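In the two complexes that follow, subunit A is the common piece, with subunit B as its partner first and subunit C second.
So, the complex of A and B:
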């Protein structure tokens, strides 16, 4: 097997060498392709994390994960329609309207937080004082927060219109992203209850079939409800305007940078950092890792294993929902089969990185996105070859490292 | 009233009838041991109490509460804590995280911190290895961690499954000294399953002898240790 792999690698190297000699691309071309790959990679990584989280805990491939992503993207589309009131006004106006509700609420909740911490330090306070606290001071603080949030908005809109536009657009887009995440979580929650939990004790192949069935079911439901037509996200002005901005690299040329791309990469990295903190630093995250290792012993620690499994599904679905909205923002057209290819690619990325391994999924996602983007150019092929290149990469990696690039043997031992 | 009582408990593993009507009780503050050969049903008894392999028939009563039908995490929440056979350390969690998982059902941060210090005092080796992965510990250290993890749950009753398994004689001795200390100084009630009946009967006040899913003898530990037939069957004739 590895002889075949070595031959393949040599053939690729030969071809890359030939292409770069005969038809050299400029640095800017490479940089552009790389940045496209980075954006795609961020999306793949987010989806791949969902596969890997569920596999890590249940040793099952959730083949309906792509559809969870697709439904999140649809929900994002409807959230977007809600923001623009079905086209009655521009995204910016709608976002401004929504921001006047969201921003004060956020600031209000932030103002509540220190109150709560203080309250836990005083367990013995009298009933009367706690009544005052609960009915006077807490709402008071919240109201002050609301007012401050609102005045920030007013001040910005009058004093710094560009800043105001940025704040409002960010909040509007985040609103759409959060809607997509929440809906994906709802879908995953129902999926786990109906399609996977009843089969928890069944042989390993059974939930796999159930997952494929769920995938087809969700696709068909989406097709019936949303229709066969393609839907596209309304593009926020700030992220959209085609020339975007340019980075002057001196003698190397001028690199055009896609703002949506920057937004996607930053948001995906932020979400991955949040995931990492949840898994590594919180009690529920430690419980997840304990359940992944040994369910019976985790139960003996008092961990509700079912609840941890649901939490894992929700975590993966939230990332998938965000990824779906990102694809929509990037300009991809939505349809019922929208989840299939990214889902398959992300699954490939998860296997590349080592399925069950969280940093592996992150790495695999970016790696696959970049290879897919650079590959056709490197091999001097048409861009339509990108899928063939992506899956060939999977084959080659699996030949040399069956557990994936960052995969550990522990995963294989458990199978 | 006993702290823990089993009344005519039956458990099945698929079609295998593993426990065929076990009745036993553990009083507050006691160390009670279950001895018997391989496959007699000792570990199954503990798993049944913890709800991992639920009883098909019979009752398990903790204080006044029936716990037969409860789920494992609910049983742990009531203070029935098991340190399972083979230690079952979380190999990819650090020593500290393993101990924190032991305290999973608790919310009292101050109490948890205090108990963490207590466990580290009991097993200074664990303190040295606090941030190491559980899987990198030696067998003896893993056993200490398993016991420490169980203690972090503040057990009302501690179920210990084969704490001496696979350990060198010197380590067995120190583990049993700790069991004794827990019972005498910390007033922890313990139900101890052991194949090494010799040591088990030294720390226990009472014992039950299991044979193919039945309890065949129940008596004071001293009586059992002196019984020639038991000596022959389980104590290696010493």
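So, the complex of A and C:
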């Protein structure tokens, strides 16, 4: 078996060597292809995490996950329409309006948080004092925070217009992303209640079919509600005009880097770090891992299994919603079938990395994105072969490592 | 043994069930209210309608707006005819609409449905070339003539169908003129070719590539994209490495909008995007926005009677509440497709002694193909021996300030050489 593997790798290397010798694409082309793959991979990884999280706990494939993403992207679209007031003003003006509400609120909450933490450290506080604290001091602090947040914004708009534009755009985009995430979470919550929970005790194939049914149902509902035409996000000026900035690599040439791409990669990595912290460091994360390991024992230890399962769905849906909005911001056009292909690819990525394994899904997503992007050029084939290459790779990986690239740890007990 | 016995019984029951209606029909011909149907002849009883099928993409991913436009226009033509002429010999014409989503399998289902309709005499459609190729096989067998308003692939008429006609121009002609235009007017040195693997897009792109190569343009190897995906940056990056002057795309508006947007990202600002009638739709401009500026698009269109057109547009707007151009480019061809069918029906339909309307299928097929000099909305329609009925010439448009602006096409490019049929 390993001999066959070695042979395959050698043949592959030989072919790549031959192609790069005969058709030398510039370094810039390769770098560009790599960066495109990285962006695509970031999105795949986010969606793949949703598949893997649910599989890790319920051992079921949530085939409606792509549709959850699609609906999140649609909600992002409507949030975007809300920001621009149906095209009455530009994204920047709308975002400025939204920011005057969001930024003071955020600063206000920031002012609230550390004081409360300090206050809870005083157990012998009298009732009267705590009443004063609750009804006078805390709202007062919050108001001060609001004022400071607002004045920051005013100061920025007068003193540093460019900085102001960046802050406002970031807040506007984050507003859209958060809307998409929340709506996806709502959809996943309802989905879990109606389509999966009643079938928790049923044989494993039953929820799978239910998931496929839910997927088709959501697609058709979206088609009826939003219509068959495609919809495009309004692009923030800062991210779109011009779409690229350029890195001068000296003798190698000038590399154009897509701004939205950078934004997507950074945001997806941030979200993945957040997910990692939630799973590894928080109470509910510990509970998730316990349920993944053994549902019955976890229940005996006092863990509310139902709640953990819902939380897992919500977590995956939030990531999918963010991924959907990112795709929209990147210029993809929304339609009812929007979730299908990315969903399928992300599922592939999850299997490639080892389904049920969180770092595996992240790795698999990036790996698949980069292979898709670089594959045809490396092998000197027409772009037609992109998916054939990606899926052959999946088959080869599965033959040699049936549990996926990083799937070793969880593989044994789940079969 | 027990099993075998059971299956025999089942077989027997199934056979009986299958045979019973046939027996009933044969033993009691007089009791049926339906007039007796002969092979190859449609008989319509008084009070019933003559049906014309229409198949287009109404909800699919491929330009459903254009499909709705085709349906509206044909419906208008049929309604107007019924109103003005009171039908054929008093028999009203009815349009039977089905959605094939431009998916070949779905088109096969629709065609199989249509051929089982006893009063259905002809079909307007199908809309997309790939769907039409599948459906035409079925209609050819069933002897149902079809007139498509939008299926432009060159193979369709070259395949030798006796039932297939179209009121829209052949892509081979469009590809020929566009290939020459790219070489002579745009003076391109390098041409990159991209298509969406549909019959329409691929056929057009390959024709353009072949003609441009003949004219001395350096044509890169054609690349394909998958319309199920939306990220074409990788293939565009590879193309950008060759720095082509023109990128020709054979396909539809959704993908085109993504391509022009992504071309800017991979550094192809200086490359001219060129496509055809599948993209020449308002939605392309809506989706692509500024990125569409400078795109070239071709459209086969005939010299038209302005007055006829304006009357038609006004009637369309009154009936459906919006101007036909808002939906798609094929309304005139679709109205004419329906009209050509009705025209032929009037020639061949006769009344029998019982007052039934009798239409011979073979005669109808011949009559449609013999259409000559019909003054339609899309120009003068004369079908040739392979079913090409459009007198269209190729127009080229450029996108300027969010509008399609017509460009002049030199007369010598329009000349169709001896190599073309």
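The rule is simple: the second predicted complex is superposed on the first by the 394 of 415 C-alpha atoms of A that agree within 3 Å, B and C clash if a C-alpha of one lies under 4 Å from a C-alpha of the other, contacts with A are read in each partner's own complex, and residues count from 1 in each chain.
Operating definition for what follows: contacts are C-beta pairs under 8 Å (C-beta built on N, C-alpha and C of every residue); 3 or more make two chains touch, one makes a residue touch a chain.
Quick caveat: nothing in here was measured; it's all calculated off a predicted structure.
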item: Room on subunit A for both subunit B and subunit C (clash or fit); value: fit
item: Contacts of A:341 with subunit B and subunit C, given as first, second, both or neither; value: second
item: Which superposed partner A:303 touches (first subunit B, second subunit C, both, neither); value: first
item: Contacts of A:376 with subunit B and subunit C, given as first, second, both or neither; value: second
item: Contacts of A:392 with subunit B and subunit C, given as first, second, both or neither; value: neither
item: Following superposition on chain A: angle at subunit A, subunit B versus subunit C, Cα, nearest 10°; value: 130
item: First, second, both or neither for A:100, with subunit B first and subunit C second; value: neither
item: Which of subunit B and subunit C A:290 touches, first, second, both or neither; value: first
item: Touched partner set for A:81, first subunit B, second subunit C, both or neither; value: neither
item: Of subunit C and subunit B, partner touching more subunit A residues; value: C
item: First (subunit B), second (subunit C), both or neither touched by A:90; value: neither
item: Gap in Å between nearest CA atoms once subunit C and subunit B share a frame through chain A; value: 33
item: Intersection of subunit A interface sets (partners subunit B, subunit C); value: none
item: Subunit A contact footprint on subunit B (complex, rising order); value: 50-52, 71-73, 76-77, 81-82, 84, 88, 90-93, 97, 100-102, 104-105, 149, 153
item: Sites on subunit A touched by subunit B in the complex; value: 283, 286-287, 289-290, 293-294, 296-305, 410
item: Complex contacts: residues of subunit C adjacent to subunit A; value: 59-61, 64-65, 197, 221, 223-226, 228-231, 233-235, 237-238, 240-241, 254, 257-258, 261-262, 264-267, 283, 286-287, 289
item: Contact footprint of subunit C on subunit A as seen in their complex; value: 25-26, 29, 32-33, 36-37, 40, 223, 228-230, 232, 242-244, 256, 258, 327, 331-333, 335, 337, 340-341, 372-374, 376-377, 382-384, 386-387
